[in-house]
Structure formats: structure tokens, C-alpha cells
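Have a look at these structures, which come just after this line.
Shared between the two complexes below is subunit A, which has subunit B as its partner in the first and subunit C in the second.
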Partner chain A sequence: MNQSQSDQPTQSQFDQLVEQVCAVTVTDPETPLVDLGVDSLHTIALVMAVEERYGIEIDPEVIGDPSLTSSAGLWRSVQDQLAAALPARAGS
Partner chain B sequence: MPVSDLLAHRRADRGDHPAVVDSEGPLDYAGLGAAVDRAVGWLRAEGVTAGDRVVHAGRNDRSFLALFYATLRIGAVFVPVHPDLTDTQLAHIVDDCSAALAICSPGAGASAPRTAEPARAWQEIQRTPADDFTAEVPDDAVAMLIYTSGTTGRPKGVVCPHRQMLASLESINACLGYRADDVVLCRLPLSFDYGLYQALLCALTGGTLVLAERAGDMGLLRVIEDHGVTVVPLVPSLAQILTLLQRKHRRPTKVRLFTNTGARPGKAVMAELLDVFPGSGFASMYGMTECKRISILDPAEYAAHPDSVGRPIPGDEVRITAPDGTTLGPRQTGEIVVHGATVMAGYWGVPVEQQQRYVRRADGSLELHTGDQGWLDEDGRLYFVGRDDDMIKRRGIRLGLTEIEDAAERIPGVSAAVALRPEPEDGPLHLAVRTTLTAEEVRAHLALRLDRARRPDRISLIDTVPLTKNGKPDRRAVQLLVDPPGPPHADTAAPAPPSATAPPAPPSTPTPPIAEPTQTRTSHEPVAV
Partner chain C sequence: MWTDIRPEVEMPRLFERGGDVISFAGGLPDLDVLPLETISAQLSRLVRLGGKLALQYTTPHVAGALVPAINDLMAREGTTAGADRLVPTGGSQMGLMAVGLGIAAPGETVLVQTPAYPGAAAAFRTAGLTLHPAPEDADGLDAAALRETVLRLRAAGRTVRLLYCNPTFQNPTGATLSVARRHELLAAARELDLLLIEDNPYGLLSFDGETTTALHALDPDRVIYLGTFSKVFAPGLRCGWIAAPEQLARTLRRTTEIMSLSPSALAQAALAAFHTRAGWSDLLDAYRTSYKERCALMADALEAELGTDGPWQWERPGGGFYIWLRHRDGVDTTRFAEAAAEHGVSYVPGSHFGIDGEHADGLRLCFSNVARGRIAEGVTRLAAALSAPVPALRGAA
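The block that comes next holds the complex of A and B.
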């Protein structure tokens, strides 16, 4: 949450988190997690790890079935949440 | 009494109590009964009569239950199949049972005289006038065929008569004691017997069934809290998910009972689950579709006998046999053999002498040779040790490694396929293939032929297939061929998710230290030659 612009994590860093938690290889960040072979348990573990890492809450009602999302899709929703939570920092 | 009478009774004495909650909301027993009346009218308009097979590839919702009870009420045979099966897998089942009606995708149901897509069928049912027709159904009539994987070839239909299904329900409930005020969370597919029997136990006792699906796992705690869930049937991954969620959120719940069958959650996971759901107990169970339930451990005995799957349920007897068929004494490990009221009536369309697992006794009744290894203690508690080499349980689905090999060998250009036994059982599935195709081509073909649970995580190409002295593919030798012993894979060191996600230990083996999985992690590298 306290990252400056320069050390904003990138998609590829986010992919690494996905790979670590889910024990898969993210061949393409746009591939749905389920098609990478991520099961339900690891999907939940991933969402919880992401919540913890970025200090956000991901609403199950909003995200729907998280395994249908991709690494890129999940990363976009993380960025949306961070942006919404930190309006004052938007221009910094 | 036909199984469908369970619902008729609750409709009469508890009409205004919620029977089922699905994504549309609650539906009481009177409402579910009314939906069954319409479904009876619809099925009869489709020409379904007593004895006909009705294949249904439906999701966890009220339409599933309406079609289930309606099919049984007209004396027809319900054949539930998992909606994620591929058209090829489904077509085999439609064909094998000579279905009169296939409620699934038109492509998969092509060999049935009539086909209807599930969503369309439900729309039509809701527009069909109620039909109060109820057939005279003898207790020995077939209520269901449940297709299950065996050690050879393609799935076979276990013949489930009304009599055995009712006997199973009464015995299970004598052990578990579901109550009229229970709210049972069914996140297992209704197309599996463990899931469907939750609906039947609710109908038997007058409780409420809450239907969930895998896609809603993130919100499971909210479901448990909002609906006042009291009973949660588990599979290992669900135990881990609930532990993860509840460890963080600590919601107050009314859960009083967890049950589990098949591969069990690791002891550490179970201990934490029971801890984060204060007031809950755990009934560890064992069974297989061929006779539904075999044994249930009294939750009060779990602390003292955590490795046992309990005593045989009332009406069933279990003995342990040596390879020569003689009965073994206490603490001697052998094959688990079951006889009694819940043993189903064999496999559909397979002559009894070819049934392998079912053996006819002198009195004419069938005895089930489970293929599983286990032992009994002096007090008659059963301990499950392992299953046939060919059989594994993966994502809650029992499957045969030969099925995966069989599917791969049907691909033009594949001359041999060997599926390696995952370690642990829920671990990555590795298929070695001798072929002129690339691993990616094999993967693409398999995706058309196998559902997700049966698709390999990793495909390796091999030039030769080592054989055992019996001339069968030698899985261990193939394993060494594709994964020579040596330094662990680089990705072995990947940190595991939080400790509750440690892989489930196979029953009988010591629980591995949590958060330190030793197996090679899933790799999606297309080729690992």
C-alpha cells in the first residue's frame, strides 16, 4: 500500500505470486486460472494471499468465481481496489 | 416403499418447511413437491415410462431434485452424470444405459431417442401442468444407475434399487442422526452419491438442504452463517478451504457436524477445522458407490481413534480377506469385503461372472469385494489402508488410471499411454505417452475426451514402455524413465499456501509435516522429455 510509483509491482511480479501460491506456471497472464490447472483450494489461497499482500478485501459477490479469472484479471481488480482506496495519492 | 415417497411424506407433514435453498432462494417441501408434479407431467409427455433410463447432466439446483424425484415416482431410472463431463464421456453413458431421454447437451445425447438441454427442460417443466401420477414401484425396482470408474476400461453403472437406497439412508442416519432442524450444506455435486444422499437424508428427516457449487467457494462462510448451516459434508479440499476462510474471518456459526468419506483431510487440517468451528464434531466415514456407505466412526470416538473409519453401519458386515479368500483376524491387513443390506445390485449390463467386485454368495446375495485394503481392530473398528493400484481419488472423484490411458490410446497417433500414480493421491497427475504427436497435441485431444479431474497435469513423451513380468505396463519403471531420481525440480521449493493447504495424507500413513509438501509440484511445461 505504501509503494511509490517506481516500485509498483508489475504484472510479471504478480504472476510470480500466482505461481508461488498456486504451484503452476503462468504461461499467459490472460489464461483463466482454472485452465492453468489451479484448483478451487489454491484459488482461495491465492485470493487470501493477495488480500493480505495488498491490504484489501476482495468481495466474493463482486469477483464471482475467482478461478474463471486470469492472473491479469485478478491483478486489474487489485489495482482498481488500490486506486479506489487511495484517491489522495492518485496524482503523486 | 419407493425412494420418492420420502419427499411425499415431508410434503404432507412439513409442507411449509424449507426443503432446499439454491441460487434462486428457498423452496419449501410443498413447493418442491409441486415442482415434482410438473416434472412428472413433463417426463410423461416426453414418453418416459417405468423402467426407462433418464440421463441427467444437471447442476446443483432445484430442477435437479424435481427431476430426480419425478423420475423415481413414475418408476423410471435416474442416471445422474456430472455436468463437467465431456460430450464423449457423456455419450458413452447415454449409450451404455440405452437412455430413453438424455437431459444434457444435444451432441452428447445423440444416441437417445429424445434429448433436452437442462435449462430448456426446466423452462418447459415450469410451464407443464401438474400431474399427480404415481406408479406402483416394487422395492427391488431400479431407482438409479450411478456411473463410476472401475479398474478396467470405461465407467460402469452401479445398479441402485429402491430397497438398498432406503436401507443405506436408514443406516447412515442411525449413525449420524440428521434432525428436522438441521441445515445441510451440499457443496458436493448432486450427481455424486455423497451429494445426492444429503438431499435424501434431508427428505428423510425433514431438514433443509443448502446447495452450493465450487464457483461460490469464496462466499462459503457467508452461506454457512446466513443460512444457519449445521451439517457440512466434506471432501479434503473443502476442509482446507473452510479452514483457510474461517481462520481469517472467525464467523460465529451453528455447525455441529462435519462428515467425510473417501480420501481424508490430514489430521492437522481436521484438528484446526474443529478448532475454528467450536462446537462441531467429525464423523469419518468409508464407502463406495457399489454399496453406498460401509462404515461410520462415531464422532465421540474420533479423539481416541482418529485413524479409524468406524464400525460397519447397521445391516452391513465387513470382513478382511487374504488373497486366497480366507477371512483374516483382527489387525491383519487384507481386502475389505462387505455383505449386507446396502450392497447394490451389481453393474448395469455386465454379466455377474464378469463383475469382478461383486461375488454371488451361496444364499444368492451379492458380496462386494472392494479392492481396498484395510484391517479391523478387536472392537470391530475398520481402518482403511489403501486402494487398488489403479484407482485414485482426485478432486473428490474416484477414477481409474486405466481410464486416462484408455482415452489417450484412442487418439490416432498414440500407441501407448501410461498414467503414473500421483503422490500424494491428490497430487499432480502425470501421463507418459508413446506417440508421433507432440505433447501439446495429446493434451488438446484429451481435453475433448476427459473432464478436468481426469486430465493429466503433465504429459511426457517416451520411446518405449517397460513391461512387468505379467506383460502390463510397469508404472514404476515408467516413473523412473520420465522422472529419474536426482536433484529435486527447481519448483519443488515453491512455498505452499498457508498450512491448511498441506496435501491430504492418505488415511493410514502418518500426516506429513504441514506446509512442506515433498512431492514435485504441478508443472505445466508441455513436454518434459
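The block that comes next holds the complex of A and C.
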């Protein structure tokens, strides 16, 4: 990821990815996906797509925790992973 | 016991290969088109992230993640099905067995489009059903004759509620029932209170990308639709589905649960993930291109070797896996099987596709999995076998 500040993906854009993959409408990003009717295999498919999109690896434990598998929760995981990868990339 | 099947309807050994034999027998897909590196990476990711779920037992439902992937396929033939109408299978063979066991009752009669896919005939017989040919004319299933047949069978005390067909790029003939005929067939089915079993493994494999409206699209309450990923992705995942009216879907779910306890969550998740990432269009196009090329090579070779005015008659299909040859004088093609083996080529004799000894004058050639460079040689070998003097049937007087 080599994006300027203005190009940084946003929660809103992430919501769109969730809606596209899971065929749901995200009205509140903090709503657990399971409460939107997204089953566990669908959540896995979403996280697979997220990993590939952002070039990161998400902790599998995240998937088993409904409080972390909201659109906002997953987006926080993505941002954490991207931030953790920054120093290594800056030094390479 | 009532599940005994007659020896002549044993499944032909289609998938055995080896030696120098060029096999035109088994209907195997051409997996050269699969993007294996992508699939490998996705399976690895899937197991790391969701192995504890994907490798676990699950309930007899199509996973929510797979429903859009199924509907993406079905919509190409004008139809869809909600999750409440979907039942997971390990491929359509399981779907056929589930329908035979769960919807029909032992002893009742199922009408079957013939020549018929032998796996369907074997499944229905194993479920204790009696098979009767569905009447056809030159344009396929004949609704008017169907009315007469059903009324006659019912008058004779037979229970007739089901009609099995493979209406698009049929196995083995490659024929497709016209949309007009589909409407007529459904009108007759409503009038006679018949359920249609629409087996549709090849519907998206036309050579030109065109599709034909599914029977299920025209009357989803009158059709039990059998779908499969075996021909549009790969058979090794053993994953398919049934789309049926909700009440029948509930019954079929119970039956499939008894048959297999649980569908493969791993297969469902892998297919869902593939669809999420790439959709189906590129893979379908790759399969179509492969089969179009192979079919043309086989048909051109058949024309060159057997001519168009000799005893062997066939039509170039518009899709699917097969070319169906018939002998003009009705010779039983089983007679050529030994000569074919001696020449190093195999095919499926037409008698495998009859339900009571008919269609023995046909033979099925499958082009889908033969190496392009071997098709012409295989047809040359076949022509040599078919051109030999007609031998007597072994054991015949």
C-alpha cells in the first residue's frame, strides 16, 4: 500500500466491500455481521477477500469473535495490520 | 432385496484409463483450464482462516456464502432460488438418488427421457422405481403423447408423478429441447400433476455462449432442478445442489442428511471463495472454448473417416460433452466394442442409455477430456473398428 492520506481507504469504502461480498446492507458498521444474517462460512469468505485486497493476514481468532466481526471491527483489524506492516516496509 | 439393480444397468466403467487406449468413454471435464495456483492459494487461506469450521460437520443446508454463487449460475438460464429452496448435494448423482428415495415411493413409475443418462436410471432403479420412457418425437419430449402415456399408465394402476429429463445438451445425444417445447411440457405437467426433474450439468457449456431458459425458470413450483459444480468448476469437490419447491426441499434435506450426514463445508466454502474473487464468467469461457475446439476436431475427423452418407449418422452438438452416433440399419454397437478395444479406442455403447434394451444402435463419444492431438487418431481407430465386418454378438445364435 503506497497511498497518500487522501487515498486512504475509509470505513465507508470497507462497508461497500462487506456489502458486495456478503450481499447485505451495512447501516451501522458496529453491527455484528451475524446479526445481519451473514453466516460463519460467509464471514470466512469475506475475510479471505479482505486479506487479498489489502495484502495482509488477519488473525483467525478474529473470525470466531462476533464483536470483532462487524464491518467496523474488521476494518480496525485491517488498519492494525497495515500499521504493523509500515515500519518493515519503510525500512526495506 | 428391493434395492437390487439389474445387472445390465450397472454403471459403465467410464473413468478407467490407461495404456495406449484413447478414451471417448467417460464424461470427464478438461481440468487444464482451472487456475490451480489461485485455487491452491485460496484453499490455503481458507484452511488457515476457517479450517475449524470448514473441516467440521455442518447442517444439510447450502451455506449462505454459496447461495450467490449458485444464483449467479442459475440466473444465466433465467432462474434463481432462495436458500429455503436449496439443498446441498455431493453432485447430481446424489441428487438423483435423493429424489428417488425422498420424493418417490418404491414401486411407482418414473418417466425418463431416453436415451437416458445411465446414472439416473441406476439411481431410480436402486430407489425401487420402475422406469418408463417419456414419449418423444423428432423435436424431443412430446407433450401430447405424454398425456396419453400418463393416462394409460394410470389407468393400468401405475403411480406416475415424476418425469426425469436432461433438456440442455443432453447426455448422450447433445440435444437441447426448444423453449416452446419446454412450455408445452410444463403445461402438460401441470395438467397431469407431474413433477419434472431437470438435470442440468451442461446447460452453461454451449460453444457460442448462448443459453436456453431452464424449465425451472418457467415454473419453479413444478420442477426439481439438479445443479452441479462438477462441469463448471471441478468434479473432485463433489458439490452440487437441488433447487426445489420449499416443502420438497425440506424433505430432500432430510434424505440427504440420511445419505451423507453432512455436506462438505470445505467444498462449499472453497467454491464460495472462488466465486467471490473471480466470478464464473472467465472459467465458463475457458471451458466453452476448450470443448468447442475439441468437438470441432472430433466432428471434422468423423466426417473425414466415416463420411456423411454412410451407415453412421450424427449431428454436431452446440455444447456439452458428447457426440451421439447411430447406425442407420440398427446394428447393436456392442458388437464393435471388442474391435474398438483391439484398435485402442473406447466408447459407450448405446445399450447403456436404454431402459429396456432400446437405443442399442447408438454409441456415445465424449470429446471433453481427450488431448487435442489424440482426437483425430482416436477417430481413425474408431472408424477402423466400426468399418470392420459386423461381428455376431457373443453368445448369439
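FYI, the second predicted complex is superposed on the first by the 79 of 92 C-alpha atoms of A that agree within 3 Å, B and C clash if a C-alpha of one lies under 4 Å from a C-alpha of the other, contacts with A are read in each partner's own complex, and residues count from 1 in each chain.
Definition applied: a contact is a pair of C-beta atoms (placed from the backbone, for glycine too) under 8 Å apart; a residue touches a chain by one contact, two chains touch by 3 or more.
Quick caveat: nothing in here was measured; it's all calculated off a predicted structure.
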Subunit B versus subunit C as contact partner of A:36, first or second or both or neither: first
Subunit B versus subunit C as contact partner of A:48, first or second or both or neither: both
Which superposed partner A:12 touches (first subunit B, second subunit C, both, neither): neither
More subunit A residues in contact [subunit B versus subunit C]: B
Touched partner set for A:68, first subunit B, second subunit C, both or neither: first
First (subunit B), second (subunit C), both or neither touched by A:23: both
First (subunit B), second (subunit C), both or neither touched by A:60: both
Subunit A positions touched by subunit B in one structure and by subunit C in the second: 21, 23, 37, 39-42, 44-49, 58, 60, 63-64
Interface residues, subunit B side, partner subunit A - complex: 214-219, 222, 237, 240-241, 244-245, 248, 395, 452, 457, 491, 494-498, 501, 521-525
In the complex, subunit A residues that touch subunit C: 21, 23, 37-42, 44-49, 51-52, 57-58, 60, 63-64
Interface residues, subunit A side, partner subunit B - complex: 19-25, 27, 34, 36-37, 39-49, 58, 60-61, 63-68
Sites on subunit C touched by subunit A in the complex: 42, 45-46, 48-54, 63-66, 68, 265, 268-269, 272-273, 276-277
